[in-house]
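Here the structure is laid out as structure tokens; the discussion comes afterwards.
The first chain written gets the first letter, and so on, giving A, B, C and D; residue counts start at 1 in each chain.
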Amino acid sequence: MKVYLDHGATTPVAKQVLDAMTPYFDKKFGNPASLHIWGTEAVDAVEKSRKLIAKRIGAKQNEVVFTSGGTESNNWALKGVAFANQNNGRHIITQKTEHDCVLKASKWLETQGFELSYLGVDNHGLVDPAELEATIREDTILVSIMQGNNEIGTVQPMRELGRICKEHGALFHSDACQSFTKEPLDLNKDKLDLITINAHKIYGPKGVGALVVKNGTKLTPLFHGGQQDPGRSGTINVSGIVGFGKSVEIADNKKNKLMKNLRNYLIDRIMDEVPNSFLNGHPEKRLINNANFSFKGLEGEALVLRLSARGIASSTGSACSSKKLEPSHVLMAIGRPAELAHGSLRLTVGWENKLAEIEYAIDMIKKEAKWLRDIGGCDDV
Amino acid sequence: MKVYLDHGATTPVAKQVLDAMTPYFDKKFGNPASLHIWGTEAVDAVEKSRKLIAKRIGAKQNEVVFTSGGTESNNWALKGVAFANQNNGRHIITQKTEHDCVLKASKWLETQGFELSYLGVDNHGLVDPAELEATIREDTILVSIMQGNNEIGTVQPMRELGRICKEHGALFHSDACQSFTKEPLDLNKDKLDLITINAHKIYGPKGVGALVVKNGTKLTPLFHGGQQDPGRSGTINVSGIVGFGKSVEIADNKKNKLMKNLRNYLIDRIMDEVPNSFLNGHPEKRLINNANFSFKGLEGEALVLRLSARGIASSTGSACSSKKLEPSHVLMAIGRPAELAHGSLRLTVGWENKLAEIEYAIDMIKKEAKWLRDIGGCDDV
Amino acid sequence: MMYSKNVMEHFMKPKNSGTIKNADGVGQAGNIVCGDVMFIFIKVKDDVIMDLKFKALGCVAAIATSSIVTELAKGKTIDQALEMSNQDIVEALGGLPPVKVHCSLLAIDALKEAIYDYLKKQDREIPAELERAHERISKEVQGIEGKFGNFVEKQREFLLDKK
Amino acid sequence: MMYSKNVMEHFMKPKNSGTIKNADGVGQAGNIVCGDVMFIFIKVKDDVIMDLKFKALGCVAAIATSSIVTELAKGKTIDQALEMSNQDIVEALGGLPPVKVHCSLLAIDALKEAIYDYLKKQDREIPAELERAHERISKEVQGIEGKFGNFVEKQREFLLDKK
């Protein structure tokens, strides 16, 4: 049996999405910047997607700028705000469990004369609004807090955080790559100025994303050029954007409910049946498709590869840190000791998963966890 | 009849390319950063493409870094070299007919304390190596000269320019988006350190490109993060990269010859049969698929739209400047007076064009040029 | 599509293109550097503009705005025609892209210049506002011609010949 | 795939996993902070390592290198075993990803520690080099344990019980 439980890393492109994209490769292949009918046909398709996405996030159509994905959007948001607003201040606030791309962009900004504050999180991964309140200053130009954590799934109290940012006149950015279409988020209601989203976590293609930019926000381009999209240059990825639009269109509550049920079943059984297992992240305030466990006495990479040999896709830490040695920065931030931080397993379900698949995965996890604990000399832990 | 003669703006995705990509949307959809079999399958596909591309450009496999396209690669090359090498100097040389994204990135670097020199070109659009020699300095960290011009098709003397850069210890970058697979270019033989290429000009998908970076080149990332590709973060666009690789694989001399023949026929007949027409760019040193004319007494945008109504795709200036008012900066740089700079038409052929299509296009161009000159009161010019 | 359906119709099949022999007034606006030059020819009877023709070397919007301005002004009195604004043109065309709005100004300018020429020839008094407009418009045309050779000059000679 | 076929085989079906009751020597290397802890048990006869077993809590490479080191050392004399380098392990496995090369060092360390333990128990002289290695390795293990609680301590007790 093959069971894909790594939707937090990437999803398959849904059939409807692929069908929508296909004509834009070889039939309607025009460049939206072209004046002729091939070009205008492409513009129409792109604008249709832009509208769908804008609506879902409570933005105006011209506030959605397409990018090559979450990493570009996050880099652009941070660096773009920093460079454009440095006359108002050089202090930026983010938090410790952000995605690598936010943290590394932040570290780079530190080398460029910006001062960064990294808020801590509690044992469940939650940011404390009071800490933001205490950290935010006159010269804070930007606060960047992700909505849903990609490893442990914890969902932050966006509205409260947004309110504090507005009270202090700081721009508010959120990386919503994991939560978009899964958790409600509204540019205006949540007092956001910038939102990062992407397609490949929601059954759309890789290499497409957007930065939602509230009108009037000062932002230095990351890609200078012909400004094919307002503030962002580069030939527009028409088929990808059509796919992104369609992926948003098909994401609905029914699918979300499906994912949540599968995920709950998975958590319940693993916690019951695998001894010395711990759930990482918040028990309730978590992404509907995310389960993240620490198993004492084994190491995560080994478990992922044993499961892979059984046909099961899973991850430990975030996908992008799988080539590194350090234990997950997220698990360290929530105070897990190294032994537990190393032994983590993330399972992220999708709406195409079947209950039988989940059951097979649970059986294999029990078996392989036992095998690894045994070989590690920890079969009684 | 529908005739697409705007391959310089973008090309359709070739059937073989699309066939190669398709499985990577919904079957082999893994994230290369994942440890499990879905991930390793994706890695294999990406590395196969990387190898194909590296070979074509005379680079080592690990010198090809995938990006979202030419604009990203150009921005990264310029800004990345500037930020990483500013201790060696703050002088950068480029030239006046570069693509908008190089020019705008250069202009931005000027605001960041870098000094830019813009080399002129002769009436055919050629850079003079002697001018480079005279402009390059001790503190020149980078020289960026495109290989083939996107508007007028002029191909620069890369090897000579590269030799001068090396003699003066400056890094040498070339934007080869228009010329890749059409003109020979070799990272080592042409003494290059960085090369920008993309897929959507050679029958590959939009939203995929690469920056070829010679090992040892110091380069600040444009996308900070998990470094999924060395020096470049962001989930790797697997299907796009597979398509890019295939598009390079199918690009061959036979197709190039086909394009050149169609293009030559087109130039000969237009120059013969449309009065007061001028060829822009170099008569021989030009991209094999590019024809660019100035017609006295008419305006380019109007001609493009008249032709579009006849089912013909063409462009005036570059695609990305089609929403602007100024006459093409390239045509001004080669010394065309405004009246001719405004009246330009770029036709870029593809290997799928048929001779009958070209003939139809020629007929229509003659007809519509006459109509526009008549309505402009210039039917005798 | 950056242009409305209406713009495209006027561009593809312009109304009143051509010249008028022995026109009562001829006006020119625009310059070749911006890529747009327009001429408007008018025939006036009892203070009413009975007929108009245009020549326009320029972009889609230049041709469409020239076409619509001749339509809109036809049958208007001189005073009514002078009250027309570029907004009327933009509206009648169902909108213009922001970078092309200047074409609607040019079309109005060419019409004003034709009226100015007519009033001048009739030795009639020129309203102060029209005088100011004329100064501005003709300066725009001249300045450019000086700089960019005799192309427009030749075109004008050719057109005025044709009348 | 970041791991060679050979690594994956040793990972999926490790050789000599387990413990040896009444082992002649037991060695430990690595620590839980880096995620890898290895134990090697040896049985020695006439200065030849007759049997080895391992326990490894760690990543794919930790398990595979433990497995291969037990294979490679089996039948070697104490001196021959002490001459083994991590390069031998990397080669036998058909390569290791750069970030995982340290696992091959750990495996060699655990083997050295087992030999050290054996020589110590036999009251034999410890070569100077081995003594230095022992100091380094045990410091790595200790330092970590102090900092990260008693998990490894408990594991060791448990394993030594099992022998």
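Just so it is clear, a residue touches a chain if its C-beta (ideal position, glycine included) is under 8 Å from a C-beta of that chain, and two chains touch if they have at least 3 such contacts.
Because the structure is predicted, anything quoted here is derived from the model rather than measured.
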Rounded to the nearest whole Å, what is the centre-to-centre distance of subunit B and subunit C, using the mean of the C-alpha atoms as each centre? 40
In whole angstrom, what separates the CA-based centres of subunit A and subunit B? 33
Distance between the CA centroids of subunit C and subunit D (whole Å) is 91
Of all residues in subunit B, which are in touch with two or more distinct other chains? 35, 301, 305, 323
Any chance you could list the residues of subunit C touching two or more other chains? 2
Can the chain contact pattern be summarised as a line, a ring, a star, a complete graph, or none of these (other)? other
Listed by label, touching pairs are A-B, A-C, A-D, B-C, B-D
In the complex, the residues of subunit A that touch subunit D are 296-299, 301-302, 305-306, 309, 323-325, 327, 337-339, 342, 372, 375-378, 380-381
Of subunit C, residues touching subunit A in the complex: 1-2
For subunit C, which residues count as touching subunit B in their complex? 2-3, 8, 11-12, 14, 17, 19, 32-37, 39, 55-60, 62-63, 97, 99, 102, 148-149, 151, 154-155, 158-159, 162
Any idea which subunit B residues touch subunit D in the complex? 35, 40, 43-44
Under the stated contact criterion, what part of subunit A meets subunit B in this complex? 4, 6, 9-15, 18, 21-22, 25-27, 29-31, 33-39, 67-72, 74-75, 99-101, 104-105, 107-108, 198, 200, 205-208, 220-228, 233-240, 301, 304-305, 307-308, 311-316, 318-323
